[in-house]
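In what follows, a structure is listed as structure tokens, so that the remarks can point back to it.
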Amino acid sequence: MFDAEMFMFWLIASLTGLCAIATVITQNIVRSATWLLFTLAGTSSIFFLLGADFVGAIQLLIYVGGTMVLVVFGVMLTAQGPFVNMRTSGAEWAISIVAGLMLLGVLCFGLTSFQNLPTGEALAKAKDAHTKQRKANDPKTSTHASTIGQALSGVGYGPIYKRMPPLPPTKDAKGNLVTLPGVPRETERIHYLLPFEIVSVHLLVVLIGAAYLARAKRRRGGKA
Amino acid sequence: MLERLSDFWSLNATYVLAIIAANLLIGFMLVHAIFSVWLERKVAGRIQDRLGPTRVGGKFGWLQTLADGMKLLVKEDSIPASADQFLFRLGPYIVLLGSFLAFIALPFGDGVIARDMNIGLFFMLAIMSSEVFGIILIGYGSGSKWSLFGGMREAAQMISYEIPMALCVLVPVVVAGSMNLSEVAKSQSGIWNWYIFHDPFTFCAFWTYFTCAMASCKRAPFDLAEAESELVAGFHTEYSGFRWLVIFMAEYGSMFAVSGIAVIMFLGGWSLGLPFELTDFFGTTLGLGFFGVVVGNVINVTVFIVKGWFLVFVMMWVRWTLPRLRIDQVMMMCLKYLIPIGCVLLAGVSVWVLFVPIILQQIVGWLLFILSLAGLGYMGFQLRTWVSAPPGAGMPGMWRMEGLPGYQGATKSV
Amino acid sequence: MSEGVALYPYLVLGALLFTCGVICMATKRNAIGVLIGVELVLNGSNINFVAFSQYNPDFQVEGMIFALFVIVMAAGEAAVALAIVLNFYNNHSTVDVDSAEELKG
Amino acid sequence: MPDFADKPGLLYVLATLLPVASFTILLLWGALRWALRPYAKDNATVDGIFQAIGGEVPGRAPAYVATAAIFLSFCCALIGFVTFLSDAPKLYRLEHALRDAVAKHAKAHDDENEPKKDQPEKDAKAEGEGKHKKPDEIAAELRKEQIRWQHSWQWARVNTSQIADADRGTILTLGFRIDMLSAVMFMMVTFIATLIHLFSIGYMSDELKKEVEDHEVHTAHGHYHRRGRFGRFFMYLSLFCFSMLNLLLADNLFQIFVSWELVGICSFLLIGFYFERTSASNASNKAFITNRIGDAGFIIGMLILWTYFGSFNFEQIFTQVRCPHNDTHGEIVHEGKKLGANLVRADLDSVTEDKRVGNWQRYKLVPNGSHVLIMPREIPGHYHGPQDGVRAFVQPKKNQLGAIPYWLLTLAGLGIFLGCVGKSAQFPLQVWLPDAMEGPTPVSALIHAATMVAAGVYLVGRCYPLFTLDVLLTISYVGAITLFVAATIAVVMTDIKKVLAYSTVSQLGYMMLGLGVGGWTAGLLHLLTHAFFKALLFLGSGSVIYGCHHQQDMGKMGGLYPKMKITALTMLMGVLAIAGTPFFSGWYSKDEILAGAFGYFMVNKQHFLLFLLPLLTAGITTFYMFRMWFMTFTGKPKDDHVHEHAHESPWPMTVPLILLAILSVCVAWGWPLHKPQNSWLGHQLHHYSQPKTVTDPAFRDDHGDLVPLDADLVAENKAAIQHHSIVGMLAIAVVAIGLAFALALYYFGALDPNEAKEQFPGVHRFLLQKWYFDELYSVAIVRPGLTIAHWCRNFDTHVVDAFVNLIGKWNIVASYWSGRFDKGIVDGFVNLIADVSFTSGNWLRNVQTGYLRSYILFLALAGMAVWILLYAWAGTLFGG
């Protein structure tokens, strides 16, 4: 049945997709960035729709508020005179679009033939879990933010057991490939403190590097 | 038919309610904008020792804004030839959107909220930060150098002030242990429990936050983006009519939004200052049920809006009191002072909450509360003295005129 | 009861964004355009991550955390890329990536 | 100052160090003068200093320094000797008490195992109060006494391991150990050296001149002129004395070896003192090289011992090789016979490892086993004699107990003896000693009497416990041959010093013979007595030569008695002593040697030569010694020039002669005088110092009776004692015959020596040419050596070099072809690869367009391709 959620999804998804296409097509770089903004905002909406509030908010804050500003800065600082031709030739367009469509085809084909998702009984179970999850995604009770925070801060999240790696796909009675979910095991909580720290340090390095790169003033065409 | 309807309801209640809430919020924003513009003019007039609007709408000229709005709606909507038409048209809506969407997560009362989000505070900050993009588009799309300069200034300023603002807001978050605005508000029942009085760090954080908030709303003395002495009118130089109206609606909207955040995070939210929740009091304690909840919430919403407007009033007060800074001073203040202060406050409050004994925390909290009350009382006393003083006498704290060259004496100026 | 939106539409949307990003990178001669393409690509993958996190209970937190990492890295990447573009502009007076062909074989 | 009262052994160290101090002073003094001399002419200040320290010739001061040093040494040795004499009985008593106590203790220990409770009380009564002490206490007391006379310092260490006994063979020590032998030797050496120093002051006075003319060295400008070397001579003497004293002092083989070599180098320096003379430098070379042959043997023997015993220390080596009498359970008994101080022989074939106990080793004891057991130097537990059969159980750690093959021990002994042969100029290597007469006469006296040649005999005496019977037999025969050969040569020599030289060789042969046949005391006593009278004779001859203005040929002397009475009379004392006249010191020692030889001969009849040759030689000795005296001092002067200028020597030379003459007569006296074995000096040596291996009646069997340890040795000793008087008579008879011949030939002129020469020209020539030893060596060794060397050189030049050259040429050719191959094929291949790489790279260059966007497209296409391949692969893998 077609419900509001579905409607919202299709609405946002189509808008996002259109904006993405517009981003590609637009020749003016600022407009392109504007369309990108809409794409990003749409993505963020998709996240909200999926119940991932925190990721959505982060997407907004960092991409829309940060990355986009940087993009626009770049646009401003490197703005071209009106006579500079940076148009792409038709042939390039054709080649790129053909290659892109091929890529899209391959990706979609890969998605439809995606074997590693639950099927049969497992699919039903996954759907149940999904439904539960959607209910749990009630913004008032959703604990995603704190879970993510725990995961990133080294406290660990989830029940105190570790999931086994998923079993290798096996064939059921009908001959379909089935992947059974991992079997819960004991021991510690999972956390991502180390990647978090690595990313932090990485960001710091990037910050310094970017500052260094940007402040270096070289003479144009002069002797290096 | 009924089945289908209930089915539909059970499936889509959230969305239906959301639409209703959105309409209410739009309405509030309009009303707020109209009231704020009027208030601004009146405050400006009073501070500049004049009356402000007086004629339209009977007393106090309270319909003046509405009339102005009507005028703006019918004005010719001109677009410069060199402008990027698409972006020129798009910009104001993005600004308005950024301002409006922030209200989604802002609780006006106990449960009076469009979408009670777990990360409401974070969401608001994120949404408001997207406002700047609209301003950039406005500045760029106008095809005018004044606009471009204004837009760029605004972008730099807002992006920079995001950081100390978020840092300061995180201070009460650390105390409350939640980013859900409703929860934060509810955890401050009783005026002595307001987070502004919780500890020295939250106390400082409030003032810092408020400074940053003013800057991020490009209010004076940080209104470099529209500094008329330098940039004509900044980023919205080329705008007129309805689009100009939209820009201003957004500005006043975000003023209320940041004030609302301040109220919720520091000033007890919708609480009247009583140590119990009014909805509970009316609904459960007095046994009035749903009606009691509605009654309580009406009081709550009123209190909240009044508190918000008071902060908006303070912003205006500051605007008409202090001179404008230079852009480099603005940036320096943010990057050199406010960000370090914010970091210190955040670290300090963490240490305070974790390591300082509870009893000491409470003693300090009470001390802060009492001292603040005493300060307010002193100010009230001074005001009363001023009110009863002969006309022309200086306000408390104002520059003394005596002894200055050319000073003729107070009585002469009457 | 509704089954909600299935997983595939999300994935297809991600694929679409990804493809758009690739095409964008391939067609835009402006360096900023290339950067925009990169952002699109990253967003497409992010959609996949988050979608998986919501549809696969085993991937619930990990998906979001990966998405977060991607976002953060994207921010850093954008900063560096812009710095490079600025430098490039300083040296070539243009942001046309086709003029950056000194390393031609 | 070291505490000489507590550690009187240090007196000997002081006595040793005094000469080296003197040497150092003289060396530095000379070096300073040498350094200043070139500048003295130009610079007045330097000249002042130069003159202050002696100028060109510093006078007699060096002699006084050296003489004072050696005299002080003598004083130290004297004090030490007196002290030691008072200590020796105590040491002796303690040693024996310890041995008895250990035996008793072991017995009591054994008895405890059997239930005899009244035994200890009985023992306690029987032993009396003095012997009530436990072995440990006695041992401690003994150690306390011993420590007064011995000590050693480590000066080199190879291994720093702390593991017990891991330091075996890794430590070199310097030490001193005084026993009666070394004490007496010290006395003798220092005394004689003092006298020789004194004598030299007079004898070397020629060297005091600023310029000495050497009449025997001829140059184009006449005789050779040189600076006087008075100081240098005394410097060498000091070093010589130090070396010899250090040799006496040493408690380990290595230190002895060092001194040994020092002695060698000193003799080299002194024999070649007039090195400008060809004969002198040749003689010194000969002495040195001949000694090297002996030293090679010494080193071999020493290293064999080191390898097996892990130590150079005499006491440790002896303890290990003659250990059983140190067993806490008493002696090891084998088939009812106590093995005593014999070398314990075993068979290694039966060695097994007892698994139950771990490291136990079992040796089958065999009287003539192929190996000699070496016991650990410290006794961690008991040895158990093979009472339970034929096996020796020992429990020390595996590496602490070992066995040395019997032949190897023999070889070690022979090696060491070879060293002594070289030093003491024994039979095959005796050729250097007569040539050594080229040195100044006091040097000859020193070498012959006290230092160089005595060292060899002393070492044989020192290492005596190490020598197996085979070695001892070798020593005996070498001694016998030497003494006879040398004596026969001495008969025909006319050079007064050569006669004395050959007499020395002969007497040394006596000593070796005495040692070899088991007369340890006799041999060493003869060394002592001989030292005195040989010093006397040499100094006397020196006096004669000095008086005759360096005329050495006896054929030109004669009738000197009236001119130099003191010299003549003192020399007569020496002649009588060396001839073995009763009651002269030589008699005591020579008689004992002959008795020992006779005892040996009585037990081992096949070795009759060992008695016959020395007996015969006793007569010959008398003959040639009297011949010398008669030819020198009696008869008519044969050379008027010599006779006219002959004069008596000054007092520094005659006083030593008189002193030595007195000592030559009475040094070996004992009471009653007529029994040679009662010699006091001999008794001291015999009682306190003689190794237990010679005879030791101290072991008692279970019944308390003396048990012979080594049947043969005891029988020899018995025979020697029994037949002493007979042998004495025989010897006197032979001596008398010799004297008669001498009188007849050279005093009364009843027979003409020249007639005898003409009668036996072959014999005379044979003897005159010293049995053709030098020629024999030249023919047998030197010339073949040179020939072989020539052959080797030819082989090297023509075969080896040719082969090497051939290889070189081949290499050149091969290198050429290798180069061609390298350039053509290897480089070609490499170039081909490079060309292909370059071409393909150049072509592939086009792919690198430099356009970012095309790269991105490629990337996308590549990603797709990878994905498709992956998908296909997965499809085949999972069938779907």
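Here the chain labels run A, B, C and D in written order, and each chain numbers its own residues starting at 1.
Here is the rule we go by: contacts are C-beta pairs under 8 Å (C-beta built on N, C-alpha and C of every residue); 3 or more make two chains touch, one makes a residue touch a chain.
Keep in mind the model is a prediction, meaning the values are calculated, not measured.
Novice: Which chains touch each other through the most C-beta pairs?
Specialist: If you count contacting C-beta pairs, the leading pair is A-C.
Novice: With chain centres set to the mean of the C-alpha atoms, which chain is at the far end from chain B?
Specialist: D
Novice: With centres defined as the mean C-alpha position, give me the chain B-chain D separation in Å.
Specialist: Measuring from centre to centre gives 115 Å for this pair.
Novice: Nearest whole angstrom, what separates the Cα centre of chain B from the Cα centre of chain C?
Specialist: Result: the chain centres lie 35 Å from each other.
Novice: I'd like the Å distance between the centres of chain C and chain D, where a centre is the mean of that chain's Cα atoms.
Specialist: Roughly 98 Å, centre to centre.
Novice: Taking the mean of the CA coordinates per chain, how far is chain A from chain D in Å?
Specialist: 99
Novice: Two-or-more-chain contact residues of chain D, please, as numbers and ranges.
Specialist: 853, 857, 860
Novice: So which bits of chain B are touching at least two other chains?
Specialist: Touching at least two other chains: 11.
Novice: Among the residues of chain A, which are close enough to touch at least two other chains?
Specialist: Where chain A meets two or more other chains at a single residue, that happens at 1, 3, 5, 54, 58, 66, 73, 75, 92, 95-96, 99-100, 103, 144.
Novice: Pull out all the chain pairs that touch, please.
Specialist: Final set of chain pairs in contact is A-B, A-C, A-D, C-D.
Novice: Please give the residue numbers of chain B that touch chain A in the complex, ascending.
Specialist: 11-12, 14-15, 84, 86-87, 90, 115-119, 122-123, 125-127, 129-130, 132-133, 136-137, 140, 148, 152, 155, 159, 162, 179-180
Novice: Looking at the complex, which residues from chain A come into contact with chain C?
Specialist: Touch residues, chain A against chain C: 1, 3, 5-6, 9-10, 13, 16-17, 20-21, 23-24, 29, 32-33, 36, 39-40, 43, 46-47, 50-52, 54-55, 58-59, 62-63, 66-67, 70-71, 73-75, 77-78, 80, 84, 86-88, 92-93, 95-97, 99-101, 103-104, 107-108, 111-112, 114, 117, 126-127, 129-131, 133-134, 137, 144, 147-148, 151-152, 157-158, 163, 166, 181-182, 190, 192, 195, 199, 202-203, 206-207, 209-214, 216-218, 220-221.
Novice: Going by the contact rule set out above, which residues of chain D touch chain A in the complex?
Specialist: Per the touch definition, chain D meets chain A at residues 853, 857, 860-861, 863-864, 867-868, 871, 874, 878, 880.
Novice: Would you tell me which residues of chain C are touching chain A in their complex?
Specialist: Within the complex, chain C touches chain A at residues 1-5, 7-13, 15-24, 26-33, 35-37, 39-40, 43, 46-47, 50-51, 53-58, 60-61, 64-65, 67-69, 71-80, 82-87, 89-96.
Novice: Applying the document's contact rule, which stretches of chain C touch chain D when the two form their complex?
Specialist: Residue positions touching the partner: 22, 25-29, 34, 37, 97-98, 100-105.
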